[in-house]
């Protein structure tokens, strides 16, 4: 439930098209809807500006599909991440309008129409980091932010990065996905004047320790405009980038 | 050298108060000034919006003081972090107008006057986290951002946090400093709709491993608007928070 | 063998319904029964108040089923944890009265009837933590403790937790299962005056390191009434919670 | 402020010895008192049964002394842990009735008189663990719990432990402090039917990694009645042990 | 090639049954036989008292079978460890007299007949540790040492260990296999006057970190007669235990 | 594109066999060719002396095959590492002249003919390290360096290493692949006067932690001519060894 | 109390020189003597063959001196390890016959006279490891074992080790102290047929992680006759080496 | 003893200026000279091309000075690293011609005169890394290699690095010292065609873990011409760089 849908609900009451009793019942679902195994936080958008997103890992396909269905029924855009094939199938069976993005392992449902607000760039150091970059891109686009994808611009061939420098300049925030040594955020951070959100990926030889090396590298960035999210957490990076882009584009 | 001082320089050339030769000489110092042991990045502000800051750790007092002096001579505001007593003394001997903040271990010199742009809140979980919170606060204030300090609002006494909820609502970005389990950013992140920058501090019993526990906690935050900086890195958190606040306040 | 069954045995001797020779033989099984690969600690209940429980991991289905059968033959309630499909099948073939709880990966056999003593609450931060929470619940219920399940009450939506606060108040001990940053035990700990037993779960993105982040978070809890068990060890948490609930309900 | 002092306050209002205005003022300090650097949680005892305790590490002596003084002024018993010489001096200068326990690094002030409720045993594996065991003992005694100290009963000389077995039997909860391999809690856990709270200590050769080895050992205990607190956290162990002992002794 | 077979070879030369040329050729194989992918150290037994053993992990079945065959051809007893089903099949196809021990994942070939020398005991803390204990037992028996197996004698039920104390007393060396907290070697070490070789096993809940917790526990043993081998390395423990038992039994 | 092919291109322009327009188009592909998911760095050889190599891990077979095809089309030798069966199939379908080396998990395509320059030796400690050693060997040979393979010369049978000492003496650089304790590079380093490049492999029992133990051992080598690459990174070791061998053989 | 002194005591009773009452009193001190902070295990020698040794770290000088004095009073040889200057002073003030070995940080008191039994060699990889090697040597000598010291024979100059090979051959057990990569035990293990006890030392550059690298290296030794003790634990290595040497020399 | 001095010695014998007996005595010192605590490897230069260097850490000033003196007496150039003030004083008292470089913590003695052979560049990311860079520079210069120092060229201000690109082009090998995220070697590696030796430094905020983050970053470099040495090991980097530069300059 967004501020807009809340205002519409209250306007409907004012205009008489919704009885106070019916409105009450709908609002009574707040602060959350209890499914037994999950409590859906419908008014999260009201409180934090963006809707709750379903993290499907270690949930059963049935649990995820049920939560997805309830959130879809509330009329908002819905996103599920870390979705495997079985879970995607279960969601699409229940909500046919949803779209599965297999590389990004995400299922998205768009039900609202909003103007895009703000602009972010998403970089990947190598082709191997693309799945995480796409998770970020799908998330940001569902949240109505314009995304410029700049993939395979790692630091071992610096000219690739320097040739897209102009495209960096126009972004309100930049997401950088990199595995191995995770050096790209530092270099990007030194080139721009906007926040850089670094996403370590679990790409690399043995001593990458499944992304821990990149994570440590990014936390130690000598560029002070770099902040970091969890390994392979493209979703989280997009979430914060969207908030910054919206702020830069004016208002929540 | 900020965009403003660059414009003033070019205007001075236009108006004839500065000869092209003299302007050239000043610009020739770009892209950096080489002290042998350090290359000062004077045009960083031009490129990234905020001036370079001196990280004094493992530099000798003489090295730090020399870099500070050169940056001061360029007319900008100057900040040195991780300053011990001996280094502070060396800086203040060379630049008496600078001010030493012992709790924050920072030396700041204000030479410009700007309107404050944007507003951030800085929270600490406990009194023991205050030194890091102050490093963030001193940094943000030198960068012309309004700071609300909310200290000792840790999650074990939730009413303390809930009672300052209104003060959170007006901030463009929020910095949360916490040691031990580092839980505060997640709770704050669930209450607000702006980016939360989490700073793990090296406060806690043995298994805090000098802040690693808090760091891991914050990286794993279930609130998606949380990004993380290095342990005890109040400066870095402030840097990004200032960029966000400026964007929200309109323009760089 | 519980204290009660021991008293019954001795009473049977006194009353003549059991010959001293037969009683001796039964007691001779103490202190343990040797199966070659395992030594069953039948008098553990006598010594510690609760019967031994079978940890099935890395045991063959045959080994687990054999131990289960012997313990069942001794007349006590029996519990096996970390049971996979093959092992469950082997146990149920041997002891048809046993019940398999697939989500909790546990097989339980109830043979005694006791009044429930004491009351605990079991919380999970998210739906993904439910398997571990259920392992705890099944264990506590077999040990005759009343369980209130409160699932998906994580700290990112604090109102969900605050709305169940009354249900926390009546528990003698509280188990909190959480992955990711593991912050929920600290928040719960600050709200109640009973021991909180924290169970880190292996839920989360890469830098959760399979539950290590949550474990560290919980060990560093700023709420002093929090103690911690191993990652995903719902059984151990239940065991201690049951002991506390029994003590609070009066006597062992 | 404990429940008792609250009841006394209200009784004083009822009896007329305290004006409603004065009572209001005292209650108005709730939920906390803001010192700028710290927010004292005076009604914590009301909420959780035991008063807040001051963790002095990384606080300045002045900060700790000020918090101690305010809490003393509220009439309750006060405890500060992790107190160094300078801080102890500062506290005692402000509150001469307080007592410094140098081995336990704690300062305690007793202002109330209560009957002792419940009984715990505190074991140490070696003489080198004694400082942490004493922190636990001082804490529990200030919280009105009877303490039996059983020091230097480590597993390499099992007869030392077995000879105190009777003293274990009467405790409502047992705290076990051990460094090195941290094996003692498992052995004790197998002997008793009450909760065992394990405190890893930072005692040992290099690969103890400052207590991490003992911590891991205790978390992996094969005795299911063992829960664990942070390295060297005698205070936290005592806090939970006291709650259990009180429950066993009847009522909060 | 053992000392004995070398003496036989030289005696054969002396007696004329072997020509010096033929003897030279056989000795020329020393110091090793080069298979391209492997260099078999035939005279290892001569140098170190026990023959080389094949570590099959990450070798192809063909490579392992070829090495096994060559070593068998040299007339000595042969042992391969970490043998999976496919590799066992390949070995037995080539050397039908060899025996596969599936629980121990070992293939052994006995070709010599020696009197057993010395006596060791092998303990396991739980049934789950049995595979590793059996790897040790198979190894020691092939090396002509008498083995007493004492399984499932973990510290949580101390009476099980104490009841086999007499059997410990007669061993020249003791191997203790334990996962979880790895406490058993310390307790055993305190009861006996012979070397205890501790083998951590990868048995346990999440924070056992695949045996690292047990490993650290054993390295930190407070019993000074405990030394440690790698996680799940039953073979290595047996090797050293055999050397000690032989020394105690007199001579190499 | 190597320096040689660049010179040929310019010579072709000079001689009239290539129009300036055509040459321009070919050079215009520089600095890289953008496939959307990848930016191929064709002029890397020009800049660094050796062509870019495809790291196939976490790339789809289609992505790897497409990059391989484009690089083959540019006329240079092409190498892909970390190639699984499916990817090898996809590459060979597109570029039938390429050769798959299954043990080394590499696909190589030779299109140029160059004199071999320089000589390296590649050692493995055991047969289990051979896959990594072969990755290094295939790489070096494609880069026109002579390779001497010396496998299974680990330190537990020192005579095996000492017997190949002469073969070490003639190499310009030495690669040493070893798992377990990773001791071989130190011993080799003490015997020779050329750089030793150490490759830790993920071979060993539990506490090898998938090669981390060998990695740490090699980083701590007491032989100062040892430098280290990532775990199982035979390719990287070969790359640097080739550069050294070329330098020693005269010029780049 | 050793077996010998026990026999003497009983003989004294038999001969009438000691009254049964007096003998009883002395034996009554068994199993241990309780000093409050410590329980001295006087009959440890009876049980395990060697007397208890005092680990002085984290004990106060007074505590250590008191324990030392009591053990000295019992007539046995006494050893304290990890002794700093202040503690040494306190011991020597109480027991002037004791001798302080500053490099080994040990205080030893010899009161018995025994024939030396068995022979061990102690190797150090470098001069920097000497303090730990000396702790082992002092321990073994007090326990009546002959020690051959072979220092600075690290693997980077293999000829140094090979030149002392004869001295290795006569030892019943070998202790190898090494920091950095900890490779020496593997090389030594391949040369000899007796147990090698490896002691990692905290010597090395940053990534030695205070001895953890050497520890891991030794645990992963490819020589199967290597077992390992804790970092810098020369005492523990000596203890086990002495037991082996005694066994080899015939009897306990 | 270098090859040259060996040739001179033999020539002296040939010419009669040295008696065979005297020559024998001097050669008899080979393979090493035994000081009791150290065995000096005088013929290391003969075997490996460069003389042994003294690692002074954990050696006493007396031990280091004695080793230094003996090596000086042999006529070669001598270097001691990790030298503190007291050790420097002890060396200079014994060998007044030696020079102490306090920033590099090294003492060097030059006794030979050789032409410089080869050329390396040494880069540091920041001023704080300078001590380690200087250790490398002092080492390389003593070994007769030309050094270009390029300090404070970290990736956050890329133009600083790009402006020295020409100076990189002429080096035979490049050493890159960097702390924090350790990204500089990857960027440099992508710009040049010679080996890059990466030295992680212990510079950075908490999660640098004393250089471990930089170390991991460098091991995971996406530039394949990067190899890595231990944290803060400027000496080791220089040693290998010198070997490469000599090879490139022609011959050992």
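Order of writing sets the labels: A, B, C, D, E, F, G and H. Residues in every chain begin at 1.
The rule we apply is simple: a residue touches a chain if its C-beta (ideal position, glycine included) is under 8 Å from a C-beta of that chain, and two chains touch if they have at least 3 such contacts.
Note that the structure is a prediction, hence the values are computed from the model and not measured.
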item: Remotest chain, chain C as reference, centres from CA atoms; value: H
item: Between C-D and F-G, the pair with more C-beta contacts; value: F-G
item: Centre distance in Å when chain C and chain F are each reduced to the mean of their C-alpha atoms; value: 54
item: Chain centre separation (chain B, chain D; CA means) in Å; value: 38
item: Distance from chain C to chain B - Cα centre to Cα centre, in angstrom; value: 50
item: For chain C, residues that touch 2 or more chains besides their own; value: 126, 156-157, 189-191, 204-205, 207-209, 212, 215, 219-220, 230, 236
item: Pairs of chains in contact (touch as defined earlier), listed by label; value: A-B, A-C, A-F, A-H, B-C, B-D, B-H, C-D, C-E, D-E, D-G, E-F, E-G, F-G, F-H, G-H
item: Touching residues on chain G, where the partner in the complex is chain E; value: 47-50, 53, 172, 189-195, 197, 215, 219-220, 224-230, 235-237, 239-240, 243-244, 247-248, 250, 252
item: Residues on chain H engaged by chain B in the complex (per definition of touch); value: 126-131, 151-153, 156-157, 159-160, 163, 203-209
item: Chain B - residues contacting chain H, complex; value: 31-32, 36-39, 41, 44, 52, 55, 57-59, 63, 67, 200, 202, 210-212, 215, 230-233
item: Complex interface listing, chain H residues touching chain A; value: 125-126, 154-158, 179-183, 186-187, 189-191, 204-205, 207-209, 212-214, 216-223
